[in-house]
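One chain, chain A, links the two complexes that follow: it is found with chain B in the first and with chain C in the second.
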Partner chain A sequence: MWKGFAHLLKKDIGLMVAGKFFLLALLSLTLYSCYINLVYVNLDQGTYRVYLYDPQKMYTGQSAFITTVNSRQELENVCSDSASVGIDVSGDAPEIYLLSSATATADHYRGLWGRAVLTGLEEEEETEIVGAYDKEQKSRREITAEFLFFELSAVGFLGLASIVFKEKQMGVIRVHGVLPVHKAAFILSKLSVFLVSDLIFAVLLTWLNVGIADSFMILPAILVQAGILSLVMALTGFLCAVWLPDFKQFSLFYLILAVFVTTPVFLAGQTGVAWDWIVFHPMYHLFAAVKSAYFGVRTSSVLYYFVCIGSIALLFYAAYRILAREMAKEG
Partner chain B sequence: MIEVSGLTFSYGREKQALHGLNFTVGDGEIFGFLGPNGSGKSTTQKILTGILKGHGGFISLFGQEIASVHTQDFFQKIGVLFEFPYLYTNLSAIDNLKYFASFYPSGQVRDALELLEQLEFKKDFLRKPVSSYSKGMRQRVSMARALINNPKLLFLDEPTSGLDPSGAVLFRRIIEEERRKGTTVFLTTHNMADADLLCDRVAFISNGAIAALDTPGRLKEKNSSHQVVVAYLHDGKRVERTIEAAELEGGLGFAHEGIISIHSQEPTLEDMFIQYTGRGLS
Partner chain C sequence: MHQFRCQLGYQIKNMRGDKLCIVTFLLPILVGLIINILPSVDFGTLGEAAFGSVQNDLPEEAVIWLQGIGSLTEYGTAEELKEAVENPSTQMIGVLRCAEGIRTVLSGDELELYETMGKTLPQLYEKRTDGTIFEETVIPVSTDYDGLRALLIAITLVTALFMGCTFNAMNIIGEKEDGVALVNQILPMRARTYILQKLALGFLGGTVSAVVTAFLCIETGPAQIVPLCALVVLSAYIASLIGLFVGRFSSGLMVGIVYIKIVMILFLAPPILFYLLIPEDHVVCLLSYLLPSSASFYGLMDLLGGQTDRLWIHLVILAVHAVVLSGSYLFIAVSKESRR
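On to the complex of A and B.
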């Protein structure tokens, strides 16, 4: 029954090579890693600078985080960026002066940090440290999780769909309907190739950007989540490519997927945008699960895995049905 | 080889494509299934090859009821040529054939090079990608693909479409050779020349029903006017006269200096199709 599976695998790998899929994946891996290692880890690494205008010299024994200025004018000048906090204690009560970063949450935390430094709640003594990662490691895990999610959800989807689309245009899908090989093997071979390719990509991306030693404990959880996301997106790509009649419609669908499906997840996950309805967005849970995996937080919900397995089974069944329909088409 | 009784099929509730077809195809027979586009011939072929499910009526293939026949073993015994040459355009003829052949037991597979040579495929193109081939060359590779597993039952859908006249003659010769080897051929076409020259029997299908089924010769004979047109010379001039065929038995009963030609007035298969179905084939 599955005798031809190896030949299908070989053919699909050949199509992926011909379609420069591996080259693109390598290029993505290089770009992501360069960005993370050369740019992202250097962003936003320092603590907010705190400037104090204290003409009466009321605050003695200041924190090492505080820089004193001599006038209100100077305070306003040094706080003209969106990463500094100014404190003016010339009046009855301390006044926080800061240039908004346009994100209410960030401004709020900057203000809190300024007050904390002024009142002597220094990080080393008072702050509860959550998690075992330093700031750089946190940044690395965060951005690596996001790039992996993007790669698997958008690029992976497109990769499999483009191969199926090619086969559909050549008409060879119909030939497979009369070959001595099970129809399901036609889908499974593609899924296997993309799954393995995505898992290798996930391992390399994690090793290069989180570090081999640091990723040792989290890698199994990352591979589980990457596997789920890879299968969901590959099956969705397969369905769309077989179901949609031409590449124009497919491009439009891809745009819709990118704009309306993936973008809200990124906005809700990465910015101060707060949407209550995002919990009903299936991709949000996949995104959260990938991110949790990178921070070593277990996705303990049995329901999550149940829904994932159910969705994969349903998508596979739909793909099988639509493949059978495509094989019976004419011309 | 094939036994079909009361075959029905519907695309949805409204669109009945087949209305109770009955026919049999014997071992080693070339059976022509003739009909215009949308008549139900491709639907019938798809049901027989197991691509379409959900038909009504009884079908037996290789002596087995169809419900149990569409196993991997069945697909090893059949060859299917589609109307269009479906091939991997990024691969060469040889690589395409090697790929498709890999699904069959190695002892059953024919030599791809030999097959292509038999199909008079240009050697220069053997290793070039299919995307650089003409339609005729693609059709040759497709035919090779259909024959690569030495099928016992061959389904051919418009085999000579896209071929020049010499290519069509070659394909007919190859189909004849297959028959001589004992292969049963189910030929779906609206090319009357192919059907007339190749088929042992033909079925005319129109609007999902078989309008007539017999040998091409008998179909034409049954509807022949039994007349011949004789062109001859008389007093140095060319004259044509239509006479009953039986009159020829006693020789030409009129004065003539020489016979130029004698044409029978037998109808063509296409005339017969129009007569039985009330519609043309295009």
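On to the complex of A and C.
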């Protein structure tokens, strides 16, 4: 019954090559890596700048945070970005001038910061550092986890579905109904091809962006999470592709998934916003697991793995039943 | 004019049967409704420093002082505080009691702003009783402004606007697949009429969707209506032009969807990421104006934040994009026509 499995695998790989799947994956890999290495790691938010207008040259201190300006007008101009603090010491009492950032607490802090810089800050004292990564390592891990999640959840889903639609058009499902190949083999061959290609993608993305030496210890955990995500998404893609009559209707699901399902997860991950309802979002847990894997934190509970395996089994069963129904429908 | 109206009516009727277009039209409106319904307590304020402390550890005075300059979260144990500080998604600064004042705990991966803030916070706390008297002038921008809410509204609106390209792109590709495009070539219809019809289709779809979403989410004052309308009209026009490009260059539905995906990612991700991460005058931020969506996004954020003085720059950038894109499309269309 499983004799034709190798042939099925060969056919699926052939279809992926013909559909330029590997080329697209390679292009995405290059694009993501260029973005991470050239742009993302260099992004930073600098300390609030302090501009000083001091015509009588009363200020004698030295501070790297202070820039002097020559007129009140110039002071108001440079402080128009709501992230700078202006200090005017030309009057009787020194005046702090700032454009509100619309957050009262942040404005208050900027005022205090301006005063402290003007009255003199001492050498920075030792602060307790509890994290294991510096800013660059953290940025690399964080954004690589986000790109991997996005690639596997949105793009992988589309890849498998496009192959199934192509096969549907070619009448492959009808032919399979009369072939002595088990229906499960039809699903399994696709799953394994996508799983392996997703895992290779995950390894390459991690090596290129986190570094081979740095990713040595975390790679097994990343592969486990990438495997789970890949299986869940591939099975969902397969299910939708077999179930929905045409690619246009499928693209509806894709649209909803890509824009409105992954965006809240992405925002919650990037900004650390505490949304209570996000725990009911199934993709959030998958995302959190991928991210934890990149930071070498073991947060996932036994329940998480149990639910994942259960969902994969359930999706597989649903895919199997729907494929059987489609084959029966096709005669 | 009457004929054009009839033709457009037919185009809209034709699109009514297309579920993809209807869902694309309704999704931003639905999200706008959800943003409106979500209680405002859900929206943490962006741009505010986050501090963490252990319950009953800090003196009352320090707690009040910290709440005045950021948000303060209390944790049950020092271990929980350490975990929160270490969380890579946040920029939280841990604050603990020290002999005379306070001391801070950092995770070491903070942005420069929060790293400096964490390292100098004990000194700022000490200086709170400093005798120097300062006058303070804070130029207000808006009274009730919620950073994250504004961000979500801007994302939804820009999505609604640039989804306008889906309407006509899908319509053109669908017609190509059904052979209508071939039939059109032998019908006495000029290429210009066809382009105008499709352009109007994408423009109307994007504008109506964005206007309804804006109506649901933004409480506009009379002074903001004109710039908001100008932003919406220009952005919807550009999106519609991009839809024409996608329709022209896609051989099939699958390729069209991939193009739309690329356009959406390319148009939506950079402005949001840059807005969250880098200062406005950074070179990367200026480069992002090469994408029309950046001008729309920053313009909307300015409008929502009540800043109207820089708005005309965004409108000019959008107008330049509109002219350049129209010119390129006309050039391509004319050169193809003459080749035929």
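Here is the rule we go by: the second predicted complex is superposed on the first by the 243 of 331 C-alpha atoms of A that agree within 3 Å, B and C clash if a C-alpha of one lies under 4 Å from a C-alpha of the other, contacts with A are read in each partner's own complex, and residues count from 1 in each chain.
The rule is short, and it goes like this: a contact is a pair of C-beta atoms (placed from the backbone, for glycine too) under 8 Å apart; a residue touches a chain by one contact, two chains touch by 3 or more.
Everything numeric in this text was worked out from a predicted model, so none of it was measured.
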Regarding the shared-chain residue A:Arg174, is it in contact with chain B (first), chain C (second), both, or neither?
-> first
So, does A:Phe316 touch the first partner chain B, the second partner chain C, both, or neither?
-> neither
Look at A:Phe194 in the shared chain and tell me whether it touches chain B only, chain C only, both, or neither; answer first, second, both or neither.
-> neither
Partner chain(s) touched by A:Phe147 [first = chain B, second = chain C, both, neither] | neither
After lining up the shared chain so the two structures overlap, which partner does A:Tyr32 touch, if you call chain B first and chain C second: first, second, both or neither?
-> neither
A:Tyr284 contacts which: chain B (first), chain C (second), both, neither?
-> neither
Using the touch definition from the top, say if A:Ala18 reaches chain B (first), chain C (second), both or neither.
-> first
In the superposed arrangement, does A:Ala328 touch chain B (first), chain C (second), both or neither?
-> first
Report the partner of chain A that touches more of its residues: chain B or chain C.
-> C
Identify the overlap between the chain B-contacting and the chain C-contacting residues of chain A.
-> none
Counting only contacts in the complex, chain B reaches chain A at residues 42, 46, 49-53, 72-73, 75-76, 78, 80, 82-84, 86-90, 99-100, 102-104, 145
Under the touch definition given earlier, write down the residues of chain C that touch chain A in their complex.
-> 18-20, 23-24, 27, 31, 42-50, 67-71, 82, 85-92, 94, 103-120, 122-124, 127-128, 130, 132-142, 145, 147-148, 155, 159, 170, 174, 253-254, 257-258, 261, 264, 276-281, 284, 305-306
Residues of chain A touching chain C in their complex?
-> 39, 43-48, 81-83, 91, 93-103, 105-109, 111-113, 115-116, 119, 121-122, 124-125, 127-135, 137-139, 141-142, 158, 162, 165, 247-249, 251-252, 254-256, 258-260, 263, 268-277, 291, 295
Residue positions on chain A within touch of chain B in the complex are 1, 3-4, 7, 11, 15, 18, 167, 170-172, 174-175, 177-182, 324, 327-328, 330-331
